[in-house]
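Just below is one structure, and these are the notes that go with it.
To keep things simple, chains are lettered A, B, C, D and E as they appear, and every chain counts its residues starting from 1.
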Amino acid sequence: MRLINRRPSRPVAVLLAALPFVLIVIAYMIGSDLRLAANPQDKLLPAPSTIWDTAVRLFTEPDKRSGRILLWADTGASLRRLALGVGIAAAISLSLGVLIGLLPYARRLLSGFVAVISMVPPLALLPILFIVFGLGEVSKVVLIVIGITPFLTRDLSQRVLDIPHEEIVKAQTLGASTLVIALRVVLPQILPRLISAIRLALGSAWLFLIAAEAVAADVGLGYRIFLVRRYLAMDVILTYVLWITFLAFVIDWALKRLSGKAFPWMGAGL
Amino acid sequence: MRLINRRPSRPVAVLLAALPFVLIVIAYMIGSDLRLAANPQDKLLPAPSTIWDTAVRLFTEPDKRSGRILLWADTGASLRRLALGVGIAAAISLSLGVLIGLLPYARRLLSGFVAVISMVPPLALLPILFIVFGLGEVSKVVLIVIGITPFLTRDLSQRVLDIPHEEIVKAQTLGASTLVIALRVVLPQILPRLISAIRLALGSAWLFLIAAEAVAADVGLGYRIFLVRRYLAMDVILTYVLWITFLAFVIDWALKRLSGKAFPWMGAGL
Amino acid sequence: MSFVTVRDVWKSYDGRPILERVNVDVEEGEFISIVGASGCGKSTFLRLLLADELPSRGAIRIEQGHRAMEPNQERGVVFQRYSVFPHMTVRDNIVAAESFGTRSGWFFGKRLRGARERADETLARIGLSHVADNYPATLSGGMQQRLAIGQALTAQPRILLLDEPFGALDPGTRLAMHDFLTELRARTKMTVFMVTHDLTEGFKLGDRVLVFDKPRWDPHDPGAYGATITYDFDARDEGIPFQTIKEKTHVPVSA
Amino acid sequence: MSFVTVRDVWKSYDGRPILERVNVDVEEGEFISIVGASGCGKSTFLRLLLADELPSRGAIRIEQGHRAMEPNQERGVVFQRYSVFPHMTVRDNIVAAESFGTRSGWFFGKRLRGARERADETLARIGLSHVADNYPATLSGGMQQRLAIGQALTAQPRILLLDEPFGALDPGTRLAMHDFLTELRARTKMTVFMVTHDLTEGFKLGDRVLVFDKPRWDPHDPGAYGATITYDFDARDEGIPFQTIKEKTHVPVSA
Amino acid sequence: AAEEKTDFKVAWSIYAGWMPWGYLSDSGIMDKWAEKYGITVEIVQINDYVESINQYTAGEFDGVSATNMDTLSIPSGGGVDTTALIIGDYSNGNDAVILKGEGTVEDLAGKPVNLVELSVSHYLLARALDSVGLAEADLGGVVNTSDADMIAAFAAPEVEAVVTWNPLVSEILSSNPDATSVFDSSKIPGEILDLMVVNTQTLADNPDFGKAMVGAWYEVMGLMAAGDAEALGAMASAAGTDLEGYKAQLDKTAMFYDPAEAVAQAESADLPATMTNVAEFLFDKGILGVNAPSADFVGVAYPDGSTSGDEANVQFRYDTTYMKMAADGSL
């Protein structure tokens, strides 16, 4: 039987799915053991038990100076920035996407501009951003917005253009004005696409967040990683990396669920 | 007449497309003028003429110490890293994508793993990369590879799954083995998608490249930007940012052309 | 005067003529079937009637009124696909036909309740009451087209344009739709233009059948001339046509 | 013994029965049309014949051979769409039907030239010589289906399975394809199973027409029982069937 | 254009000699002094040292913690007239050239060196090479390496030598038994000065700002000199280390706990020579800008009124007025 027609049974499938994770953990343990055997002080690959202890400490023990549990404070601050940045980017790109996709004038005016802007490397603009928007929360949020809005806008305006012309014509024959078409025909139909575009862009959003927090912040997941990098405190870094991975996964999953729940009409397509 | 049905005439369209760029330039000139009036030495927003002079100098004058024109050396080094990183990522994701999309066993084994891996923030893992791959070219290329391979792999494996089941069945009725199906049915059909996925991922690739070069390098576009940031040479930074934008645009355009030329069968779809 | 007047209409895309010298007069309440080879410009003609495209030359008028510049409530339309809004329930699709004409596009309160009641009556008439709360994606092709027609008629257009409305349906469903349409017509006396691929269908449903074809053609450049109405059949007499030849077809043009 | 033997075949998806107690014997060279309501399991039956799916119970055998576990060269297939490879030229699509059976999937040198020549002969026979170097996307629907059939036959299958092969074509092209298929059959004497929505088509082309339907149904749970073959018409006599009723249909099951 | 205002912002970044700024703000000492002069001073910690100076140069802050070298190159070179309000310390071993394995400065020849390019590390390397008659061209190259990743970099196989500062120096030396410090800033005392610099114009218009800053600073200096465990502990934990670790870093930092010492350093006859040295280094690296005609393009003014560099373009001033007030107890 061809390999493409062979399907693993249920228990085998579960085993297979777990396998790469198990292998990674084992490889890490061997690497860590080797390095620690050579130098018990080695910080690069701390023993899993050390990571576990550190993780427990980070999640539960409050900071001596401030009395807050830093990891939760960092998580709160970073998630707030992320939510704000992504939210603003979504709002901007939704409006721009509808305008560009729906109005020929707006398309002429903006689509070339957005295409060029999307090629600008936002990290290189960091110094300017900090000057214009200060070193507070604003500049971090703005970096995320600048970083992902062009992508979201291009994606959404393409989706608006993909809406069958027939639907737009039909709406016109029902007497709909441009505004009504935008609000009642186009907007609801690209909302699910907005969610999938956001899911795609979240990776970059995290990247920009971490980069911005590395430069100027006093709380945040990226700030903490950057801070302890100086001491090569890999136990802390790895805990934070795993935690960010987990958060990213949960957010992605939640958005997927939301999309399924909020847009029941997205069945098999028309 | 509704706004959606109004189309700009040809000259108006050209004017409209140019407008945002003109506005940005004017806004910059005003901002620059204001700051330079307050402090003629101001480095933050150099006058356009200064940027032009700097650009000419950067593109033509060799460095006193090394005798090379730094901008070209930087461009060469960065493009090599980018090409290597993207090339390796493409090769890996192409193989993984075909495996995951075509073989149920591989799908079980890898798809969950890739989904989790794609959530890991690669920048946070830099210290480990340095130790494992050294501080040289390898670690920069590896950062790009790690950064974009999960995205490419997920995209490509989804595309393989999207190939109509009918085609796979048809190939089997023509006696094709799994290998033949992979090489002659699946691979050629996802190559165009690989190119569009790469076009999507190039933004992130640039980001990782710049981040890696900012951390440890002695040549490269990102290196130069972060180096001259030390004395706020915004004329150099802006020249480099515009140059990177231009390069990104050219690469994107070239990939689009390549896709059109190399895959003539991608007409209107079957 | 006739109800719909098409006078010397030409249409070209990118300089390539698609339709040329199209003239036709239609009385109120007539059912016009339009047939012709694939790609000859039937849909283009319908888009011109719809004012979704404007003629390169000539004019189309309803009751000698202004030339329409864009689609409006005078002209209802049903396409082969994508004629209903996938993100609205069946009932909301009918309500939309009333509410889209308002400033905000939404009805609230009493007005909404009224529109809903009228929508439910419409749904009962087109036999979709049992799926009023479903989304179109869950409906069969035939049900979707019935909904599309019901929606178009709710907006009370003066003419109804159908572009291969049953092209994607299987033969059984198609027959049922013929009955549905015949019944509706008996009730509303709407002026209808219907493009179809199926000659039988055209003669069965139409009062007149217009045939589009290229009367002139250049053997060296098949795209040089556009199509026009070459036959105008009267199909009222139970489908046994007596024909009016409007143009000689396929006259070679000496190159 | 019969050529294709279907014995007490059941098929369920996720515990929901689709087909039940399907039995049929087919002689070599017979043309079997399969009709039935939408969603009753015609395509599923074809997939079982193809071995793309395996029966939940029962067995399908060709010449009393082994039960096939996956599609192979014994069974050719043409679907309504996606039956040719969009990334290969028309000629290469035919060559692929020979070369896919080899280890690498490619022909080189002399073997390639030979296959190309044979492909050109095939193309001449199916009337596609003039588009040999085109990609399928540039072909009309009818031409694509002709190519798909030519490709399937090049691999010399023992039975040919067609799933609504002409479902997406317009009536004119459809008639041309009927002639094409009739002509091909006259030459090859292939055993064919064809699913169609169009009863006329089924009777016109088939030697036998199998009707799939649910013989039993539970008024409270329409999905509780699967479909089976309820009629098996002999259609050889110029389409005037004498029928063999195999099951009483629509016997209500007391709940 | 005299511009009086009452709200001021200064930036600082983490470094042994600048930790008091964090404590000043957290402990309320800054607020106390600001209140005394009827103003407010916001003290903002910034992760990225270069960014903090850039922000100051762009006008976002009224003052910033910086070294003499970076002050000369960024704000002064950028035409922002800047005054060194406080001389906090000089590096006395905090910056070091570290070699993998045994060796001396001569052994750097032919080897690549990882450091933060154009920083004081680079300057220290230049001085180290000078001391043995080598030049940068004799090295196997200089690789710009982010300070955040210096420790990881040192562990990478191809890295042979690094130049960096504390706490990275002590971290590298303690966790790598084979690491040797071949040159450090204690060999060039008084050349790497850690300052609090402020905008000259702002200071001139608002002397109260200077008084509040200096007053607060020397109150903390007093605590530190007295070994106040609470203050030192807070600084240590803010620096990400413990009391022992922080004290070890302070040992390599020549803190001017007594304002009089700082005044003496500012008035020292060596200072103009050092600044000329630094200016030459900066010019050599092209940091003073392509338009800089020579190394003495920016003028530096000293407390006694003398200047080095271009007198017509004085952008960097050592001003002891406020530190003297502190020394005199007149604040």
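Note that a contact is a pair of C-beta atoms (placed from the backbone, for glycine too) under 8 Å apart; a residue touches a chain by one contact, two chains touch by 3 or more.
Model, not experiment: these values are computed from the prediction.
Any chain bridging chain B and chain E, meaning touching each of them, is among A; the list is complete. Greatest centre-to-centre distance from chain D is found for E, with centres as Cα means. Although chain A and chain B carry the same sequence, what matters here is overlap: shared residue numbers make up over half of all numbers found at their interface.
Chains joined by the most contact pairs: A-B.
Remark: chain A and chain E have CA centroids separated by 38 Å (rounded to whole angstrom).
With centres set at the average Cα position, the gap from chain C to chain E is 80 Å. Centre-to-centre separation between chain A and chain C, using Cα means, comes to 47 Å. Separation between the centroids of chain D and chain E, computed from CA atoms only, is 83 Å.
Residue positions of chain B touching 2 or more other chains: 2, 44, 126-127, 131, 172, 177, 214, 229, 232. Counting partner chains per residue, chain D shows two or more touched chains at residues 70. Across the assembly, chain E contributes 54, 58, 148-149, 152, 155 as residues in contact with two or more other chains.
Pairwise chain contacts present here: A-B, A-C, A-D, A-E, B-C, B-D, B-E, C-D [touch as defined]. Residue ranges of chain B in contact with chain C, taken from their complex: 1-2, 5. Listing the residues of chain E that touch chain A in their complex gives 11, 26, 44-48, 51, 54-55, 58, 60, 147-152, 155, 167-168, 171, 175, 234, 237-238, 240.
Within the complex formed with chain B, the residues of chain C that make contact are 69-70. Interface residues of chain E, counted against chain B in their complex, comprise 50, 54, 57-58, 73-74, 77-80, 114, 117-119, 137, 141-146, 148-149, 152-153, 155-159, 286-290, 315. Here chain D touches chain B in the complex through residues 50, 52, 70-73, 75-77, 79, 81-89, 96-97, 100-106, 135-138, 144, 148, 151-152, 155, 157, going by the rule given at the top.
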